[in-house]
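Letters are used for the chains, namely A, B, C, D, E and F, taken in the order the chains are written, and counting of residues starts over at 1 for each.
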Amino acid sequence: MNNVLPWAVYFALMCVSVAMGCAALRLLRGPQAQDRVLALDTLYINGMLVVLTLGIGFGSGIYFDIALLIALFGFVGATAMAKFLLRGEVIEP
Amino acid sequence: MTLLLIILLPFAGSLCAAFLPSNARNAEAWLAGLVALATTLLTASLYPQVADGGVVRASLPWAPELGLSFSLRLDGFAWLFAMLVAAMGSLVVVYARYYMSPADPVPRFFSFFLAFMGAMLGVVLSGNLIQMTMFWELTSLASFMLIAYWHHRVDARRGARMALTVTAAGGLSLLGGVLLLGHMAGSYDLDVVLDSAAVIRSHPWYPAVLALIAFGALTKSAQFPFHFWLPHAMAAPTPVSAYLHSATMVKAGVFLLARLWPVLSGTDAWFWIVGGAGLCSLVIGAYLALFQEDMKGVLAYSTISHLGLITLLLGMNTQLALVAAVFHIVNHAAFKASLFMAAGIVDHETGTRNLKRLSGLYRAMPLTATLAFVAAASMAGVPLLNGFLSKEMFFSETVFLQRPDVQRIGLPLAATVAGMFSVAYSLRFIDEVFLGPQATDLPRAPHEPTRWMLLPSALLVLMCLLVGVFPAHTVGPFLKTATTAILGANAPAYSLAMWHGFNLPVLMSFSALAGGILLHVLLRRYPAIRAPLLGRFDGKRAFDLAQTGIMSGSERALRALSSRRLQTQLLLVVGVAVVGALYPALTAGWSWGTRPILPPHPAFVLMWVIGAACAVAAAWQAKHHRFAALILSGGAGLATSLTFVWFSAPDLALTQLTVEVVTAVLILLGLRWLPRRDERFRLGQRVPLSTRVRRARDTLIATAAGLGLAGLAYAILTRPPSDGISPFFVERALPDGGGLNVVNVILVDFRGFDTFGEITVLGIVALTVYALLRRFRPAPESVALPRQQSEQDGADGDSEERLPDPAAPLPDGYLMLPAVIVRLLLPLAMLVSLFFLLRGHNAPGGGFVGGLVLATAVILQYIVGGTVWVESRLRIHPQYWIALGLLGAGTAGGGAWLAGEPFLSSQSWHGELPLLGEIHLSTVLLFDLGVYMLVVGATVLMLVALAHQSLRSHHRKAMLARGGFV
Amino acid sequence: MSGWLQHLPILPVVLPLFAGAAMLLFGETQRRARTILALTSTLAQLVVAVTLLGMSGGLIAAPWSGEVGAYALGGWAAPFGIVLVVDRLSAIMLTLGVTLGLATLVYSLARWERAGTHFLPLSQFLLMGISGAFLTGDLFNLFVFFEVLLAASYGLVLHGSGATRVRAGLHYIVVNLVASLLFLIAAALIYGVTGTLNMAELALRIPLLAGDERALVDAAAALLGVVFLVKAGAWPLNFWLVAAYGAAAAPVAGVFAILTKVGVYALMRFETLLGDAAPAPFGGEWMFYCGLATIATGTLGMLAAQQLDRLAGCTVIVSSGTLLTAFGFDGYALTGPGLFYLVSSVLASGAFFMVIEMAERGRAIAADLLAVSFEAFGLQDPQDPRQIESVVGFPIPAAMAFLGLAFILCGVLLTGLPPLSGFVGKFTLLVAAIAFEPGAGSNAPQPWLFVAALLLSGFAGVVALSRIGVRIFWGTERSVPQLQWTEAVPVTALLLLCVALAGGAGPAMTYFNATARYLEGRGYVEAVLPAMTVTEGFAR
Amino acid sequence: MEIVLALAIGIMGGSGVYLLLRPRTFQVIIGLSLLAYAVNLFIFSMGRLNLGRAPVIVPSHGSNPAFYADPVPQALVLTAIVIGFATTALFLVVLLASRGLTGTDHVDGREPEQE
Amino acid sequence: MNAMNVPLWAALPAAALLVVGGLLTLVGSLGLLRLQDFHARIHAPTMGSTLGTGCILLASILVSSVLAQRPVVHELLITVFVVLTSPVTAMLLMRASIYRRRG
Amino acid sequence: MRRRVPVLPVFLLVMWLSLNGSLAPGQIALGVLFAGLVTLAVAALRPVSAWPRRFDVAVCLFFVVLVDVVRSNIAVGSVILGASRRQPHVGFMKIPLELRDPHGLAVLAMIITACPGSVWAGHDRESNVLTLHILDLQDEAAWVRTVKQRYERPLMEIFE
């Protein structure tokens, strides 16, 4: 029984959440739309890390699915937004 | 049985008449005439049964539970009235046959005519007050239809509406009064009500009842101050005026007053309300009649006046006055109907009813003139005629009235003055129309009408004469029967004779005659166009003013009480909700619970600082920076999802995340069609004060709502959970539900019906979205190619109408590598979606998440490949997916029926397969598969339908050639 | 046989679902198949509904004992699983809804069905939602079915598209979305406090709560009340109603006549279940005055209305207000008459919406009703509504006479003029109100207010209807509208039903009064939760 | 934790309500989605907060309810999420249609006289 | 927390990986704030999505394998997906940024 | 010609098994079934399929990239942490390529994106020139060398 892992989890959670804070600040500040999109993308990745870290912390495998889903589809929103910025519409003819 | 027949016959006739062809004038008239005649004879045949105070009753059970039965009651008074209605009806039918022109749609006329007759008989014969009110309203309706018979004429329409408005108001008020009356008496049965006079008169509700019933009666009888509708009702064909608006319908009011006389009269309130209205109508009606130019106008005001006389008599609270009133009802009907017919004949033969234009018709139509002379004399109260008799009874009643001083002198005086007016207008009527030089500029050359048209009038005049000369032998017994029916055995003695000796009433009669002649001579000298003093009061204008007043008033009131603005509505909804929810909380003063709370984790706090900041910022930016607001709300959504992760809700997190992604794409697709915000208001303009106030108010409401929500949440969070249904689910999920993931077992099994409804919602919405987008019309400024595309593609030297090549294996340019990657992702995502679908029962996932994953993967293909490219290779029919999904889920649920179990009971099958091991199949899986398919179908349908808009808007031809989508 | 009969309660929900889903398998072009499917399904639903009505009234042998049937979905017993409950009240409402559904369906077949896409499936789903909402005995499931019927109604209110419709539909949708969110909050809160969602169990549990928990439930109840009042069209939450109903296509507006009554039904259900413990919004003077205000605004709206469709919307508001006020009286004296009035007014307003559409048809070409977006694209829409005008059919003779008569009958019904069922309903309400003895307390409802409101609203109805009716039918030059039998028959049928209701006022009233007496008792709870009520005690 | 979550619900709900009361359709749709988040969290919070007790039966714990979070609110939230998604989509399309047909993105379908 | 049940031999490396991963992510996101230009900022979060994620995933694999007492490798799939998908966003964003600066 | 390996179905099977964390025969059967079905289903949407060979080279490449990722992570980290003193010198650069296989290019894009400090900024298909964006552009030639030698050559071996 040791407290190493819980502390590491705690530390990692703090790091990642502060990282989320940085991304969120960029999200709020802009200044340009692409900055916000990039920040949202980062936020999703960081969110995935939060999920994984929590999974380690709770020692449960069920969090893996959520992380998997973020990994698979976290990018879709950002991609669609980028495409919107680039082309003015998400789905072209 | 006969009674029933009396009522039913006219209604049956009305139905028959409605279905006769429109040119069957004779058939119609025969039908109506026979019906009326039969009714008359039937009524007459009942006389022996009522002659000695008997009462004939008939009733059909209708709704005895409500105290309603269809009951008819014929006593002497009712018999007299029914006779009046039926006989007068027969005469008017004959008259109308010749009056209506061949071009008129007669079936409608006779149909309504007979319907009216039935309704009127219903009023008279009802043995139940409620039933009487029903027939009462029917007479109003019939009158409305008859006045508006020539509905192409403005005056007919207006007159009809005016009549309906006034009489319907009266009817409703009558209903109220009758209801109260019935409540006081304990029954609506007329007999019972008539027997409880003492109770009623001493009841605290008596004034209200009296007011309501009097209002009903006075409006119907066109009594001051509700008299204005009657002159306008003269727009009706003359037979209608003769029948409804002089002889019968307007008499319904006085009929009612007489009917309820034993119950309601005898109080000061009765005297003032009924008598006062009668007196005013008597004088004012007569006075105004003097100045009318329309023959029917004179008669209309005269009717008001005469009805006023009857009302006044009823209001006098003496039994003799009641007798006089009943007598005058009959007399008035006879001479007034005859006069109306005369007016109709004149109108029919000359084409005008204007007193100014008509003159000297005596020479052209002597018979008509003679009849009119006699009738008018009766109206004026000339001796030897019936009008004289009842008027004299009236005079004597005014003289012997036991009232305080002023009233004792004032009443006879007023009566004499009114009599004077009445003589004057009768004279004028005759003088202007029939005497004097013959008019030359009439629309038609006058001549005598056919005999048949004169016959009804002649009969009525004959009656006037007979009654006038031999009152005791003609009308005497009937009058006695009628009054006995009202007053009971102790009816007063009176003598019906032409001459009672020389007394004060006779003096009054003669002074009225003399004064009337004088007045007429005077007025001929000074032909006033408009009645002095009262001429300014114009019923039509007042009605119109009242109407526009009501309309604009209610509009204004409505504007204060309601709004067409969404913001106001939402403010109210939210406001009411906040106040309603906080009120019990604040009054009961609740405290936080005692459940031990979890120590805050700084990371979680930070996460929510971010989430809250995103939410607030989204609220801030949503107006001018839609894109930023969308991204920011995505941030808030992520925080929400992570909260679900944090607090042990993996299923929620999964679902929320996938939904989040799809929603973002959806709104982005929509953003394409929202043109840039118009920033005119923003640039260089100060925000007006009102806007700032509104924003402050909204902020306040929003804060209250937020705090309320937070408070409620915290109150629950700090309370130990209640012992509810949830332990059951946890305990039974594995043994009975066969799944480890309790949430999923709840969704597909325990509460599968919720899911069932939920997927239906999704399907419905998808269909709606599709239907709406079929007719989508983008804003004009959005139709063009987005600026980015025209610039980029223009720079590449391509034409604007560049269509992607469906045969190209990979897109050109910057999308090539994304396309490669995303297409590689598709099979992976499909597998993942199947993974979530299949194992949802035991771990987070399920059909919904699986479906969304697949749908997202498909949409990704659209994003990188373009609509044309994807659909040339892959034809998904989302609509079928939706249908199959719903059917699948339904079948999974309905499968239980085969086992005789309730819908959605899960059925499972275990088996052993060689090599593969244990196999577990269950309807639950089929259900989840249905969910999966539906979600795929619905999501793809919505997104793709939206995506198709740009295709339609600039590449329609190419797409048409391809044959459209879905 | 009874084995199959026990599944009857689920059929009103499942039949339209299967029919609606199956229609999607047929393409847009296979109109005939879709039509047959829709008609068969709706007829079957009607048969089921009438059978259930008979069963709950004891006229037909029911597969369950007692007067209430509970159908446990998935075989999970009451407080845990979802139950459908068939009792007199729900059976009445169910039958009414399906009747209206059938009438409007037949009506729509003449032309409206082609004014847009997916009309028939959507109307089936609407029926499914309505039936589910009436039958369910679970709070959250009620939410779900509210959503089903709302989702379908969103689709239907926008059916045919066009600026007016979209504008009104937007308001309708937003307000109802907000209401749905409130519903969720309320349902969750109730679950959070009591730990259950089953309505019968709530009826047992809520009276036992005290103090803080009681306050929380009251807050939830207030939210729930707001939701139901929004649905019921109560002032001041009804501003959206007139525009939405007015703009909707005629058969849609016709079937919407039942939607406000869903809110009324829900209010009634909770009021009767919770009995004396019912929080303020369900009954009592709170609802009474709210109802009065609703009548007042509806009346003002009628007086101010310039168009028939707005007028029709206002009559719906007035009838809702009347019901709210009637149910706002203490006790159950006005419940039976209220139900009678409800049935009559729903049938009449359903018919009225269809009549006015036919009446207005001759005046303005449907162009303004069916705005088309396709000129923007130059596309030839296969379902261009303008082609509908040239539809072949059998125009019925004497169209104007029919329309006029139908209009008058509707007016008579809606204003409560004699002799039709509208009068009987109003009359019985008035009688009960006059006989009502106001309880102690200074602000107890004053019956005379109700009497006056009812009479005055009737009068205003007469004024407004005659004004507009005169203008529509007699005022302007008009061509005789082309009607088809399929349009005339449903209207006639609805009106005949009203006539029959008036003729059979006695038996009908007996049934409704029996319903009121039943609602007063605990039959519902006992049938749904037999085990719990037997032990009476309820501490776990 | 509880107070953080409650405040979060409050702030999101408040922002949503504020946006609901704004005059532009896009503001309303963002407001509705924020409000939907808040409501989802609210429903979820009715099951109280639990750490590491996801309602997925772990064989070692058996089916003892004490070891698992309340699954019912979670099931309700799932339904609510789906319905919220559907209605958001619908509302989006309606607002687009309204913008196209009426020429304005004001919620009333017409520009007010004065902004 | 179940994390306490992990034996020390596995806990130590896992903890180290977690700390490193967290720090890398933090630095990467910090870059979003500290770098002045979008074109510079686009590079920063890659740190989190590659090595940061990798470290934490390794920790996860380690811990879950120990807890499940069998090799659990499905976390690798996350890496696969992250690596697969991140170029798409990056490319499009870069491209959008270039376009938007041009104007 | 080449030895054709059905990479996708195999990968899908492996993925399925690892997702389910099981090697039970039932799962294998299901995995095979799904892998086949999915491959068939997406065939139309993937007109260009990848036919990689030389898995030995791929494994080498993987480790090369791993090392590069770690190295560039450190580099970028130091740039960020030192940003208050000196903002990096960002810049574009162009590299002519020989690799033409789309999947090869995709893998190259992944590698370049996975390495912090460099982003794929564009690729011209006709001239086959790659545009890179570099966070701290000091030595262009070194970048060209890295891309051509370390990544492009093995990729060409694998895919062409």
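In this text, a contact is a pair of C-beta atoms (placed from the backbone, for glycine too) under 8 Å apart; a residue touches a chain by one contact, two chains touch by 3 or more.
These are the chains along with the protein names UniProt gives them: A = K+/H+ antiporter subunit F; B = Monovalent cation/H+ antiporter subunit A; C = Monovalent cation/H+ antiporter subunit D; D = Na+/H+ antiporter subunit C; E = Cation:proton antiporter; F = Na+/H+ antiporter subunit E.
What you see is a predicted model; the values in this text were computed from it and never measured.
Visitor: Please give the intersection of the contact partners of chain B with those of chain C.
Guide: D
Visitor: Average the C-alpha coordinates of each chain, average all protein C-alpha coordinates together, and give the chain whose average is closest to the overall one.
Guide: C
Visitor: Once you count every C-beta pair in contact for both, which comes out on top, C-D or A-B?
Guide: Contact tally favours A-B.
Visitor: Report back the single chain whose CA centre is most distant from the CA centre of chain A.
Guide: B
Visitor: How many angstrom between the C-alpha centroids of chain E and chain A?
Guide: For chain A versus chain E, the centre distance works out to 9 Å.
Visitor: For chain A and chain D, let me know how many angstrom lie between their CA-based centres, rounded off.
Guide: Result: the chain centres lie 20 Å from each other.
Visitor: Centroid from C-alpha atoms only, then distance chain B to chain D, rounded to Å. What do you get?
Guide: Once rounded, the distance between the two centres reads 39 Å.
Visitor: At what distance in angstrom does the C-alpha mean of chain F lie from that of chain B?
Guide: Result: the chain centres lie 73 Å from each other.
Visitor: Got the chain A residues that touch at least 2 other chains?
Guide: 13-14, 16, 18, 20, 33, 37, 39, 57-58, 60, 62, 68, 72, 74, 79, 83, 85-86
Visitor: Going by the touch rule set out above, which residues of chain D reach two or more other chains?
Guide: As it turns out, chain D has residues touching two or more other chains at 20, 42, 45-47, 51-52, 54, 56, 72, 79, 83, 86-87, 90, 94-95, 97, 100-101, 107-108.
Visitor: Scan chain F for residues touching two or more other chains and write them down.
Guide: In chain F, residues 15, 19, 106, 109-110, 120, 122 touch at least two other chains, as defined above.
Visitor: Show me the residue ranges of chain B that touch chain D in the complex, using the header's touch definition.
Guide: Touching chain D from chain B are residues 564-567, 570-571, 574, 595, 597-601, 604-605, 608, 611-612, 615-616, 618-619, 622-623, 626, 629-630, 633, 636-637, 639-640, 643-644, 646-652, 655-656, 659, 662-663, 666-667, 670, 673-675, 677, 681, 688, 690-691, 698-699, 701-703, 705-714, 716-718, 721, 724-727, 729-735, 740-743, 746-747, 751, 754-755, 758-759, 761-762, 764-766, 768-769, 772-773, 775-780, 782, 842-844, 848, 938, 942, 946.
Visitor: For a test of understanding, state which residues of chain C touch chain D in their complex under the given definition.
Guide: Checking each residue of chain C against chain D gives 140, 144, 147, 151, 154, 158, 161-163, 166-167, 169-171, 173-174, 177-178, 180-181, 184-185, 187-189, 191-192, 197, 371, 373.
Visitor: So in the complex, the part of chain A that touches chain E is made up of which residues?
Guide: 1-9, 11-16, 18-20, 22-23, 25-26, 32-35, 37-39, 41-42, 45-46, 48-49, 52-53, 55-61, 64, 67-68, 71-72, 74-75, 78-79, 82-83, 85-86
Visitor: Which residues, counting only chain A, touch chain B once they are in their complex?
Guide: For this pair, the touching residues of chain A are 10, 13-14, 16-18, 20-21, 24, 27-28, 30, 33, 36-37, 39-40, 43-44, 47, 50-51, 54, 62-63, 65-66, 68-70, 72-74, 76-77, 79-81, 83-93.
Visitor: What residues of chain B sit close enough to touch chain A in their complex?
Guide: Touch list, chain B to chain A: 601-604, 606-607, 609-610, 613-614, 617, 627-628, 630-632, 634-635, 638, 641-642, 645-646, 650, 653-654, 657-658, 660-661, 664-665, 668-669, 671-672, 785-789, 792, 803-804, 814, 818, 825, 828-829, 832, 836, 843-845, 849, 853, 856, 859-860, 862-863, 866-868, 943, 947, 950-951, 954-955, 959.
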